[in-house]
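First subunit A sits with subunit B, and in the next complex the same chain sits with subunit C.
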Partner chain A sequence: MKGKRMFVSLTKNHMVDRNLIIGLVLIVLFVPLFPASEFYPWRLFDDRNFDITLKFLSSFYPPKVDVEFLSIIFFGSLQTIAIATVGLVFALIIGVPASLLITNVLSFSKIEQEKTSFTGFVRYAIRLVLIMLRSIPEIVWALIFVRVVGLGPMAGILAIGLTYGGMLGKVYAEILESAAGIKHIQGMQIGYSRFQILAYVLIPQSSLEMISYTVYRWECAIRSTVIMGFVGAGGLGFQLESSLKMLQGGEVLTILIAFVVLVWLADQFSSLIRRSVR
Partner chain B sequence: MKVLSTVLILSLVTSSFMWVNIGLYEFLNFESIKAIGRFIDEFFPPNLEKTFLTSVAIALYETLAMSILGTFFATIFGLTIAYMIVENKKSVLDKFQSSIFRGLLNILRSIPEVVWAAILIISAGLGPFTGCLAIIIHTTGVLGRLFTDAFENCTPISSRTLRVNGCSFFQGFIYGKFFQLTPQIISYVLYRWENNIRVASILGIVGAGGLGQLLTFNLGLFLMDKAATVIIATMILIVIVDGLSSTIRRSLN
Partner chain C sequence: MCHIELSNYVKKVRDSFTKNSKFILNQINLKINYGDKVAIVGPSGAGKTTLLKAMVFSDPPSTGKILVNGKNPWAMSRSKRHGLRKQFFFVPQENPFPNRQSVYHAALGGLLPSMNALDSFINLFYPRHLNDISNVLSKFYIEDRVFERVDKLSGGEKRRISLSRAILSKASFWALDEPLSGLDTGLARDVMNILLQTSTDRSLTFVCSLHQVDIALGYFSRIIGIKEASIVFDLAPEQVTDETMRKVYER
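And now, the complex of A and B:
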């Protein structure tokens, strides 16, 4: 009994020491982050900076609401929605076939547990390409495409298409795999073809989830298209950048309000769609 | 309802295609494909000079620092705001005040980090500090909302028991709600960190430091081999952080 208690107290002390050491290591790693990111908040309150900030902020009100400017904003918002939608269609063109190709449950070689096979290699390669597509942020793709296809919405569409194609491919495959189960194994044993299994087992079970994920991604696409304009790929961001460069606070405020409204509308639309498929 | 939403989606898609009016032919003809090929060719091989790699490494560390500090402070602010506005009989703020805070969180959330950075550049100057601030502001909006929802949805039994037995509101909150939800909070924070590392690596496009700044600089000078190195570094960073965070999250469950 005594021995046991001693053991408990020993481990307890040991735990304290370990936590202390982890904490110290974390602090030592954490402190250098401040100079690395030049985290000096007092810089905000320099006399010179502070004056400029105040002047800029006071120019925000009133927002600019003349008809000409509002129509520019309106068409910019429409363009943003169009870029996001077309981009998402491109993403589906990439993502759907890719997800079907990399789904393990649709592969006979995987089910028979062959370790090395040609199809396995192909699947691996496609997965790698998808990882590459989605781990380069969309705005970086846009930066590159602006140099290939020129300024304008096309660069934004391609950027959304590639990044979101990578995401959709991965997530669709995961959703399909989570839908696989006893029915799907039975189907395979009876000798259904892969297409039949896909059409009658996997898709009916996972279509809701796939639709709601797609709609959610559309919403995200709108958000990211909004900032695409900063690199010249069309949409509202383009207008915002020029207004900011000119220090036109009133215009900036109008555009920000348009942003918030646009994101809110996209939110409403996607929740409407999601509710209707339930 | 289903028919209506199908019609809505179809009309949205067709009108979008008409609106952007893309000439697929212009894009897919032989000449332009060759041009794209030439362009891609310029990226290879990526520049691996030692001096340049050092500057990429510094930018990488800057990006990492921005994302970590941004997420850290946003977590603190988000928790504080969530603590203040969480619905309760004796919450810190009354209904009206907390609805103002909710509205504020919504605004912080719906304006993207890049836009915040572009605005803040004017007062905080070029450099990673602006990026940090932008991440803090946007992420506070997101996390504040998520934390508030989590605190409101968790069962109030334990915090209420503590309150009945004489704990203060703060004690009830910490011991009854916060510790109950710690795993969830950590996974929200990690999820945001994954997102913020992406954001931190592109904020440089508007001048807010990190890898993005190096990328726009080199792309602007048409130094494609250097741009390729930066893009590869971004990819590696994002993949590593994604892996790390999903490992931590799995070990929590």
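And now, the complex of A and C:
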């Protein structure tokens, strides 16, 4: 080995070459995306468009705050929270087992550096099912379930459960994979069971990420109940749709404020849990 | 029959930079007998950690063979091989426990391989093995920290938790990677005494990699020197001269 010592020169540095190529490819791919998505931000500030926007927004003011309407909003919010929460529980029932099945950090064949395996194939098949679940937008699921179970929250819950189940399964699996490394391989080396690796190594390593992702998804579920309300799947969204249809700007503003409050509450809830786990 | 036997054991990796494959272990022939106390010495990057990992069959060799109790673990079914791992305890250089965990749970890692699923589930919430764990932690002067979070502890204290795990384990083979790193000289000797005493009492096979040549020579009955992926010498400590040591460490 002596006298064969390798000198690292910048001109021959593979890392620099590679990063340069990747960077150029990304730029070439990125530029055509603007015309393709018809994204012309300056049009926002055309005089004509500006007026229209302003008129539309000013029709929202003032918010409608009479007691009767507020109580409708209050119970609508409660129903929205209920739909989002039950939907998310349903999503967890799909997502948690799926993530444990598809993650490669609990696979001994993977850790032992085996090249191909049957279990790898099974993991891939379940991954495809999850992709299918989440690639169909929740509003499409909601439309399907409204046909099956009729108008109301049930359809929204099923729609959230399926779409979010697909998302949670994928992201939990990836969070577990990013928590893996020397510590979890060490667990395998001394003969931990899969449950022990999960409960004593991977989950303590990644609990904060999992909590914040789960609460964030709950927040998203609250928002998607709006869209699903439009197809009759209950909650505040149902209110929003009828107010928009009636051109009741004041009501729309009140409902939007209610959504801001709900998301703020979700945010507070998330930091509360994270503080207590930390 | 010996505890571990490596024959023509080769471990290669592909260097991601030069794209050449590189030996981390090259034609290793080695027998470790039951009850042996072995220190592996050699410069950084010589392959000490990889050799320890090979002994606990953490991943398969590129070529060559390993026999554990006379049997090849890589010819066994995966579940049988994994069951066999419970008899081997490897302590890596990095702390093997997550930071968001109590000292109790970190130390419990030594008992986990011999615990059933129900016991390990209950222990997440209720410390059923507190006595055993406090006893072992007290040997290393950290028993008062048992309910503290691991990340509140100093590097040397974390190191001692890792070693407590080895003492708690029911394994018959210890492979410790640099067990004394992060400990001051006085403490290092204390800790080494406890480790050797325990391994002798339980007639364990004890293999460890060490940077402290004086401790290796003073405490172990067999010294293996490795350099550039190969074994350079394998001698009793009284046969090791300054000359042999210098050959291993010279560049």
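Here, the second predicted complex is superposed on the first by the 210 of 278 C-alpha atoms of A that agree within 3 Å, B and C clash if a C-alpha of one lies under 4 Å from a C-alpha of the other, contacts with A are read in each partner's own complex, and residues count from 1 in each chain.
Basically, contacts are C-beta pairs under 8 Å (C-beta built on N, C-alpha and C of every residue); 3 or more make two chains touch, one makes a residue touch a chain.
Because the structure is a prediction, the values reported are computed rather than measured.
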Query: If you stack the two complexes on chain A, which partner ends up touching A:F195: first (subunit B), second (subunit C), both, or neither?
result: second
Field: Superposed model, subunit A: greater residue contact from subunit B or subunit C
entry: B
Query: Once the shared chain is lined up, is A:K64 touching subunit B (first), subunit C (second), both, or neither of them?
result: neither
Touching partner for A:R127 - first (subunit B), second (subunit C), both, neither: neither
Task: Tell me which partner A:T85 touches in the superposition: subunit B (first), subunit C (second), both or neither.
output: first
Message: Tell me the contact category for A:V226 with respect to subunit B and subunit C: first, second, both or neither.
response: first
Message: Is A:P204 touching anything from subunit B or subunit C once the two structures are fitted on A? First, second, both or neither.
response: second
Message: Please report the subunit A residues shared by its interface with subunit B and its interface with subunit C.
response: 277
Task: Spell out the residues on subunit A that touch subunit B in their complex, using ranges where they run on.
output: 30, 32-34, 36-41, 43-44, 49-50, 52-53, 56, 78-79, 81-83, 85-86, 89, 131-132, 135-137, 139-140, 143-144, 147-149, 153-154, 157, 223-224, 226-227, 230-231, 237, 240-241, 244, 247, 252, 256, 259-260, 263-264, 269, 272-273, 276-277
Message: Using the touch definition from the top, list the residues of subunit C that touch subunit A in their complex.
response: 17-18, 53, 56, 58-60, 78, 82-90, 92, 94-101, 105, 108-109, 112-113, 115, 117, 120-121, 124, 169, 171, 228
- prompt: Can you list the residues on subunit B that touch subunit A in the complex?
  reply: 1-2, 4-5, 8-9, 12-13, 15-17, 19-20, 22, 27, 32, 35-36, 39, 61-62, 64-66, 68-69, 106-107, 110-112, 114-115, 118-119, 122-125, 127-129, 131-132, 198, 201-202, 205-206, 209, 212, 215-216, 219, 231, 234-235, 238-239, 242
Task: Spell out the residues on subunit A that touch subunit C in their complex, using ranges where they run on.
output: 1, 6, 14, 108-109, 111-113, 182-183, 185-193, 195-196, 199-201, 204-205, 207-208, 277-278
